[in-house]
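Below: one structure in structure tokens.
Chain IDs A, B, C and D follow the sequence of writing; residue 1 opens each chain.
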């Protein structure tokens, strides 16, 4: 060691490849995506590129600048149309709250057609595919560890609306124009079902608004038309059957996206409230000794989606889904790789929207709906 | 203490009321019911009556006598028609394996009508209602602790048929004439849903046979027509919605009858694989401190269905459902009390069978079925 | 099937071997042991002998006769000295509440010497050795699945005395002459440690009475000298180290006898509050896939200590430890087999008492105590 | 919204207070601390100051610059003596791997005396105090929810050294000069015990090296003198007793820092492998209904140590302990507030080291050691 003083880092000489990022939206998702971009450089030994946070977009300039500065963006846009023309932005990341992909199935289809036509690399940020335990589930299925899949049972349970006297403003699905629980969180569950088990070809659905009149914080009655709970029976193309349920009135369930898959050789289950673990029962384990659901801690270097910042046994937080999803997308962009199968495309987004529409239609008609994509 | 020698108990002077029992069947259920009768006298401080085991019925006399003698029955019958005429038998307990109540809905209806007409005290032994944790759930609901009930999600999962190469003889639902998973175990789940949440007025169902060809142990192919898995979306008369699922191919699930109920004020959940506990989340607990699903050990003297043989914290086994169910029935007979609401009647049995039939019909037609009782 | 009427069982012709049982005590243990004897005939396909309940002993004749009659004993004794001379009694089962083996280590030693000298078959009913999950643990250890054992950490936690204002009568260890928590429940934990890991050769102990003054239900102050909590560091002869803790003031813990054993190849853990399961982590399972603590449901026919009354996945209750323990002892008596290693002998009882005394001595002296047996 | 183009953020006009940070070390801790500093600005609505990453220090310049650049430090130092003279660095954060505070108790004492004399604001980064569930535990204790504390039982279990054939290089405590398991991880457990229950005044200890000979990856035998497992019986000044155990050979335990505290009114327990939850049993909950260990999800806005980036029910990762600890320290520095009681001081560091030394001494002497601070 020489007796050296302060050595300024000459960033111009650093060999890291850069990629320009623009994030539209500074709310929950805008923050979570920005956090992920900031963490990519030090979370992986050799990221494909280091995100350069070019601009954040939003309508309230004061609040926007405040948030953007905390992430050290270079600047902001208050007009998304101007933002998308900024040539420095190589990844345009839409973090506005709207779900699903389009306002209607038809719009989603047009969006899908447009991206295909343009050839632009694109992804729907279905972050839960990128939870390490979910990725491990996918690998187990891919390598045949489950054998033939028989059943999938999944639910996404939240409690936000359980109290009928809670003011509408505190219940995300209860105010006027917003989508209900199916569109708001059910989409994640449908995505996971398709990602793990495959395409869905028929649904029987039921949606329900339990508290159709609520009061806002001023005490005025408001009509709630969004669904507060919904259930679908589904048939997969592979022959498996299952249930999809989402709820905004499951008292005590904070953010429980949970599912179980039963296959002829093994079963697996997962709950987002315990996201570092996958439960695995393998019928091929010596039965008389140690066959039981194993609580697999998915935090090891030999597991998928490991980061260098969290060694052996150190739990990842919920935000790691986004970290891995966005790192994956940057990798696809930089190295021109296909976004699928791990990343969801607009094709997936369109299909998920179609499935949700069929669930709504089936609830109306009382009939099982076949789905043609 | 006097220096007394052996004091023979003069049973003729004991003040215990007796009740004569006849059990038809010496298989699994015959044994479990007989065990319950034997335990009643010493499980409760003051049972309504002590069972006298008069006779066990069955077809294979040698095996029947062997089993009956282990429970100290006075005798056996090889002809059930003779058995039902035995005047000493005050409780005739049919433990033959057939489920549900009748071979068809119409037959079940006739059976219901017959018992009503005869006025005989009767019960379907839905033992899971008599698990202490389930009874605690019922009391919480009755006293309004859950508020408005929104959702019920239940499944009864077993693994017996998960391996397609398992011989048909080892898979209870796979041989010729037997009923499938819906009739065999789904009935218990429907019963619990009705017992806890109330009447079901509509269903959308799906049933599935995943392995429709199996081999018997001689290697011969056999066609399996019984369902191996089934799901129903249900609507309760009270406005709640829910799912009912039963499966014989859920690898790793031994005997998991599990359910969760979400109400506006509290949620509760239960799994038969952990039968001494009820999970309770009460939104009325101080939220910032200790609101969470509480793992309530239902083994205390202040809990329902306590026994004197198992004090504070000593876990009951699965057989306690039968112990309490049969003790309840004897109490109803001796004291001429109504069997319901805790005991299931033939009316319940008929309705459960009707619901199952509607699930099967709905699976065929792809339509939601309203149910008229 | 012939049209046969009632066939009386001719018990004189039944080929079952009988064994005469006498149980001294009609309290908790008297009931639990009697229950076990009653269940032996129908819990196993071919028990070594069927218990004949000859006599129950106790001091309060009225209460004694009431209890004895519920189990269908032939008679009772109010004088244990007369009882032990009854030649029909082949197994004399002392269910009086006193623990440990003797009033002092010296007395325990004399008792051990006496049984050895007499050559009588004898057993201390350490029922927790006979929980199926504990027996599975023992087999895993015996066959080397754990490799070298490094550590044992066990505790037996109850809550009975947690509230300082609870009247002394409600706290079993708080009234005058009774033994404290170490002698009352700690003995079970020491027994399990020795049964699974082997002999203990040194201890450092600490015992504590947290609430040394309590009030009885009449409001009078009473001095409590019994320990309410105790801990010991232990060294096993095999080189493993560990902790033993028992507590009567562990608020919320009902009857939690729990332990974990870490070996070089696997770890196992158990909690009596979840007695049908053993947690097993095997480092030899494919690490990158499914290594995790497996929740092994120990209820299968291929598991040790299975009963014919509870098939696949049907949970046993706490009483099954006694059922298996007493069935084992009868088997040893009838077939003249050694009680050990699965049954505990008076030698074990003496050693456990010596270990407890050393823990008490060490707590006084503040020194680690080596133990010479 | 005006039709505005790119608006560059004028950081010179942002009103955020800044604080200059220097981090010595670029290994695991250097990365984790740097990550925390980066996240402070967007994790809290109004942080006391925004960290400015001035310099990272380390010996290997190439590796150092690579890591430092990923966190966007301005520069690096290869000589810590030069680094500590850099006036821009207001918080000097020593992330070198050495634990505990000093090489010896005496050295720790001198360090404590030096910081007291200098009056410099300082903290030992005991990050586990800053896990939200641990902080909730502390508040429950402070407000008396536990009543009188009787017992603490804690263990910190890892598995790194369980396999005797693992090369020494892969086992952090096994190579030459490093400290063992007690010094390496036991210190965290002692810190938590003192933070939650108070000062420790006596210990009886036992330390053990199970595999005293290992091989390095070149196959050469090496002597291991570091302890691989250790246990201490402890007495707190408040009258509570407890155990402290740490292990590097607990097969299957990844990073399990777990503890349970029993008080006269409530018990609480925690496991770092499930860090978003605190288990709470309150004896003041209606006993006959819902008393049970409640699984409290500590992720709500009304819970301590909430961040704006993770709303309701979104799980925090392990790194959040450091985020909150370092944010706390910056707050103390900027607003001249005392670091304690939530932050650990060098006084705490010294005392922890003294306790560890007494555990080692007690293991040698076999005697309980009183501790004078």
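The rule is simple: a contact is a pair of C-beta atoms (placed from the backbone, for glycine too) under 8 Å apart; a residue touches a chain by one contact, two chains touch by 3 or more.
Source: prediction; values computed, not measured.
Listed by label, the chains touching subunit A and subunit B alike are C, D. For the pairs B-C and A-C, the larger set of C-beta contacts lies at B-C. Between subunit B and subunit C the centroid-to-centroid distance comes to 32 Å (mean Cα coordinates, whole Å).
Between the CA-based centres of subunit C and subunit D the separation comes to 41 Å, rounded to the whole angstrom. Inter-chain spacing, taken between the CA centroids of subunit A and subunit C, is 51 Å.
In subunit A, the residues that touch at least two other chains are 291-293, 297. Taken together, the touching pairs cover every possible pairing of the chains. If you check the complex, the residues on subunit A that touch subunit D are 1-9, 11, 14, 16, 28, 31-32, 34-35, 38-39, 41-42, 50, 55, 59, 61, 65, 67-79, 82, 86, 158, 160, 254-256, 272-276, 297, 299, 308-320. Of all the residues in subunit C, the ones that touch subunit D in their complex are 148, 150-151, 153, 155, 157, 159, 162-164, 204-206, 208, 210, 228-229, 231-233, 235, 239, 241-243, 245, 247, 249-253, 260, 262-267, 281, 283, 291-293, 366-368. Within the complex formed with subunit C, the subunit A residues making contact are 136, 140, 145, 277-280, 282, 285, 287-297, 300, 302-303.
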